[in-house]
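The two complexes that follow have chain A in common; it is paired with chain B in the first and with chain C in the second.
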Partner chain A sequence: MTKPIYISSASAISPQQTYEDEGLLNEIVSTDNGELYIKEPNFRKYINPVAIRRMSRLLKMGICAGMNALEQAGVEKPDGIITGTGRGSMTDTERFLLDMIELDEGALTPTSFIQSTYNSINGWLALQTKSNGYNQTYVNRGSSFELAVLDAQLLLNEGDEQQHVLAGCFDEITPDYVRVKSKIGYWKKPTVNNLELYKNSDTNGSIAGEGAAFFCLTNKPENTICSIEQLHIIQEDSIEDVSTVLQQTLAGINLNDIDIVLSGMSGDVRFQPFYDTFLSNLSDKTSVAAFKHLCGEYDTSTGFATWLATELFKQQSLPEVLAAKQGNSGSVNNILIVNHYTLNSASVILLKKN
Partner chain B sequence: MSGRIVITSTGIVSALGVGTSANQKALKDKKAGLRHPAILQTKHADEFIVGEVLHSNEELASMLNLPSAAAYTRTTLLALIAMQELMNEENQALLKDTKLALVNANTVGGMCSVEDYYLEFISDKEEGDFVQYIDTLDCAESTMHLSQHFNLKPLKATISTACSSSANAIILGARLIQAGLADKAVCGGCDALSRFTLNGFHSLKNVDKDPCRPFDKDRFGLNLGEGAGYVLLEKEEDAIARGANVLAVLSGYSNTNDAYHPTAPSPDGDGAFNTMQQALKKAKLQPEQIDYVNAHGTATLNNDAAEGKAIERLFSNANISFSSTKPYTGHTLAAAGVIEAIFSIWSLQNGVAYPNLNYNTPMEEISLQPNTEFVEKEINHCLSNSFGFGGNNVSLVFSKA
Partner chain C sequence: MEELKNTLKQQIIESLNLEGMKPEDIEDSAPLFGEGLGLDSIDSLELMVLLERNYGIKIEDAREGRKVLESVDAMAAYIQANRKI
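Now for the complex of A and B:
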């Protein structure tokens, strides 16, 4: 069976101050309009001025988070680059599609077509790091990030020598994307302030979010932050089945060891009963935290949660802004990420501090 | 590889037809599937030829016993049609109670429908037929339908690495089985023609108005196609134990990246060379042992120059047969890898290397020439290439069981 793999660095660009930032979540961004867009860092640090002019925002987000994770880990050229995205560059997809419709299939420029390709960020990261190794992109809704991690786990288990894999995820929202998805109940109506999100779970839907998160993963424990002990990908045909399988999965985990549960409570009334039951049965030791009130709901939000976990391991405490319940465990050694996503998927990720 | 991975079933739909026998017959008769689009509604219909599956969405739906095609995208319908061939009675029983992985591949999801409804998507309208297509843009939409339609409970993964997508799906399936995370894997890909991709490639100025001419000096570009294909992978010992008909062995594979340019391959073919070499290494084969290379051969200026040089370099001392079958099917993008994998498997079974249609004038860059007629010979090992945007290169090696 597969052995654990280790996270040696983590980088996140999110709606909060999370990128190259000293101190965890010192200032919290809050909004009442139900849309959490990323705080733009200085993208020019990792992208050359000629290339950056044509690049759309998701490319810049993905490349910078990826390059920053590599820099933190001191890895110049990873052995593999594996990513997951639910939607790819919506900006480019929408732009090419609308131009094509408006120009009635007239003369179009290829830039947004090329950048709408889901693997374009992988291509850029390979190009920038001259990495000829394994390269893969998963586009599988709420399991996209998890599949990237699973593949990294396979890859790192396939060899005995130390290897470094850059794995990550990226998704963006656009005004049109938010509007279109509102027609099929993605978002809370009326919306709520993001900081109140998980306390408001009496309507369907959540708030829109986005972000990029990248990790350097390796198969040796030295100089790493934590290990990925378990990864469960749950994909069923209905919300009820997802909840059932999720409960079965969690029943197989020793919850007494868990210091913090990072729960994907999204404010959606359909998922809250599951979280209520699960979280209320945890012991006094275990803290319960939320994360979607900070990053919003999107296909690869568990990438943000995983980044958050690496920060909690470093900090050894749980900031109030995350806590739904402070447990009495004095340290942070085991974190369980439990996430339920709109399109009938869920995941469980168990991380253990090194 | 420890415990060889074999292919025991396939399903296919392409411009050559629905199912194995239609595709095999068209290949044999040198009957290309390229024509002006009849189903895809595009302003460029009189200008370009494409490899279109000559059935309307409603016809495809009725072949699947669906009440109607409503809410299904053509991408999903093509996927279901190909999968239906693979899901014969025996496999239905087999795959229902097995630890299964379903690895699908796709480049633009249900764009073929989304582009019809997009103005309604973004309008003030809240209700209408368009609503049922809002979530179909996702690549995973067809994957979900594949598992639901055939009552499967697999681990589902959808890959999107441009033109190498479904070749990558085959690799992942094999690796999941090797790692013990699946006992069987259904792997493949699907793509339907869309105005989005046609205009996209046209904006790159590499769509040919005439039938494409891979590896020809006077080639101009590609013809787009559509289709889907799936293969069933399992361990050789499991296949033998259940008395399955083993079609071929997946003896090697490789996934590498060019790291050269966002869309263009390294001009000397270093990337393609590296990928093919790694796949041979994995298969523990020497270049001389490869009897046929089913090339990526899109007929774009860049690809064929790079791939041609790489093939010449790697197989310089070998009596290699190579050809591109894209003049038959068009470039089916995410489906290309698996469709050509299936063609390669038939090549092993039937002892025949396919002709590179439309080839007249040798390229200046290489002295090696593709075979223009069928080459009948013992084919023990066959290499299939799929190279994509983003420098995503994949080579697969299939060997006789």
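Now for the complex of A and C:
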């Protein structure tokens, strides 16, 4: 049986102004083009000029979010670095593969190959913090972030002494990625304004998004924001099986205690029935919030949702821009993140305020 | 030769993504590695690829490569003597 772990700090780089921003979501980004790219912070704060010139956008995102989470927690050298990514650096992968084709597999440059590997961000973070502890990257599509957190939980459960693990996730979109996924119905046609996304769930598809979110996790509750009480990862063969297992999982959680459900409603008509079923059973106390209208749909969007939850615990209220339904709880002590991603995966994360 | 050096400097800036640098910021005789531009071992691989792609020059011997990549002067002289494109 796993014990809860605790979130000491959280940092997110997202399509919204979420990085080093005072207050929660003061300025909301709205777009009609169906693609939500991150708002770039000053990357040079954490990355030296010699190194930054070689880095792609995703590397810079991951390193800055990771270093910022450590700085907030006051941890210089984490005991472990564990991340999840659905696709890694698409920019470098595309560049490397295109070079291979154009140059007939000859005279390939090393940089894009090195950085196209999934564990590149972990390597940079380890070098920068001089951390030689456990270092792992999970690449498991829609469950990548959740598996990183689960691994961090297992690691932190091992000892009695206080340990700190930097856990996070990162994914990016590129014009080619959006174009290819469009062919298999990932995105809404015609697209909708992102702020209207979860209210437009009568057609297939969502809007594309990206981001990086990092958390400093520890095994002691002192000076932390919240605990991760439960984490469930669901991988099944069909959407029907995913929905069935998800309902069984939710049956094991006391929904009456939940102040806010952060739901991964993506506007996709194929997945909406699942949300409708369980959201309709919630009491008047529980608020329902959406998050993909702010960050877009991508493999590790639950990282953004987890960051959002830490902010809601601090704010103790639910901003209107997130609320699909305002409950009457009056405080924010328990948040349930429920996400359904593509046809065969879902996750449930229960967080409790400290 | 001067034209070749200028082209080469532009190619170095683009290939190594030396943000904010112009060809005139790179001295012909200054060392590219260490004290000069401060390039590193990955940059040396990028420069080898630059020579192969743009001038058809393939350097197999690492010791020879070290001499060729010493400065813009050394690279330009080697290109002039050995270029295939």
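Couple of notes before you dig in:
The criterion applied here is as follows: the second predicted complex is superposed on the first by the 353 of 354 C-alpha atoms of A that agree within 3 Å, B and C clash if a C-alpha of one lies under 4 Å from a C-alpha of the other, contacts with A are read in each partner's own complex, and residues count from 1 in each chain.
The rule is short, and it goes like this: a residue touches a chain if its C-beta (ideal position, glycine included) is under 8 Å from a C-beta of that chain, and two chains touch if they have at least 3 such contacts.
No experiment lies behind these values; they were computed from the predicted model shown.
In the superposed model, A:I114 makes contact with both chain B and chain C.
Contact with neither chain B nor chain C is seen for A:G252 once the two complexes are overlaid on the shared chain.
By the document's definition of touching, neither partner reaches A:G330: not chain B, not chain C. When both complexes are overlaid on chain A, the residue A:P190 reaches neither chain B nor chain C. Of the two partner chains placed by superposition, only chain B is touched by A:I81; chain C is not.
Looking at the shared chain after the overlay, A:K130 reaches chain B, while chain C stays out of its contact range.
Of the two partner chains, chain C is the only one touched by A:V50; chain B is not.
Of the two partners chain B and chain C, more residues of chain A are touched by B.
When the two complexes are superposed on chain A, the residues of chain A that touch both chain B and chain C are 107-110, 114.
By the touch criterion given at the top, residues 42-44, 106-107, 109, 111, 114-115, 118-119, 121-122, 126, 131, 134-135, 137-140, 143, 148, 155-162, 168, 172, 175-176, 179-181, 195-196, 199-200, 202-204, 255-263, 271, 274, 388-392 of chain B touch chain A in their complex.
By the touch rule above, chain A contacts chain B in their complex via residues 1-2, 81, 86-88, 93, 96-98, 100-101, 104-105, 107-110, 113-114, 116-120, 122-124, 126-127, 129-141, 143, 147, 150-151, 154, 157-158, 176, 179-181, 183-184, 233, 235, 237, 343. By the touch criterion stated above, chain C contacts chain A in their complex at residues 15-19, 38, 40, 42, 45-46, 49, 52-53. For chain A in complex with chain C, the residues that touch the partner chain are 49-50, 53-54, 103, 106-111, 114.
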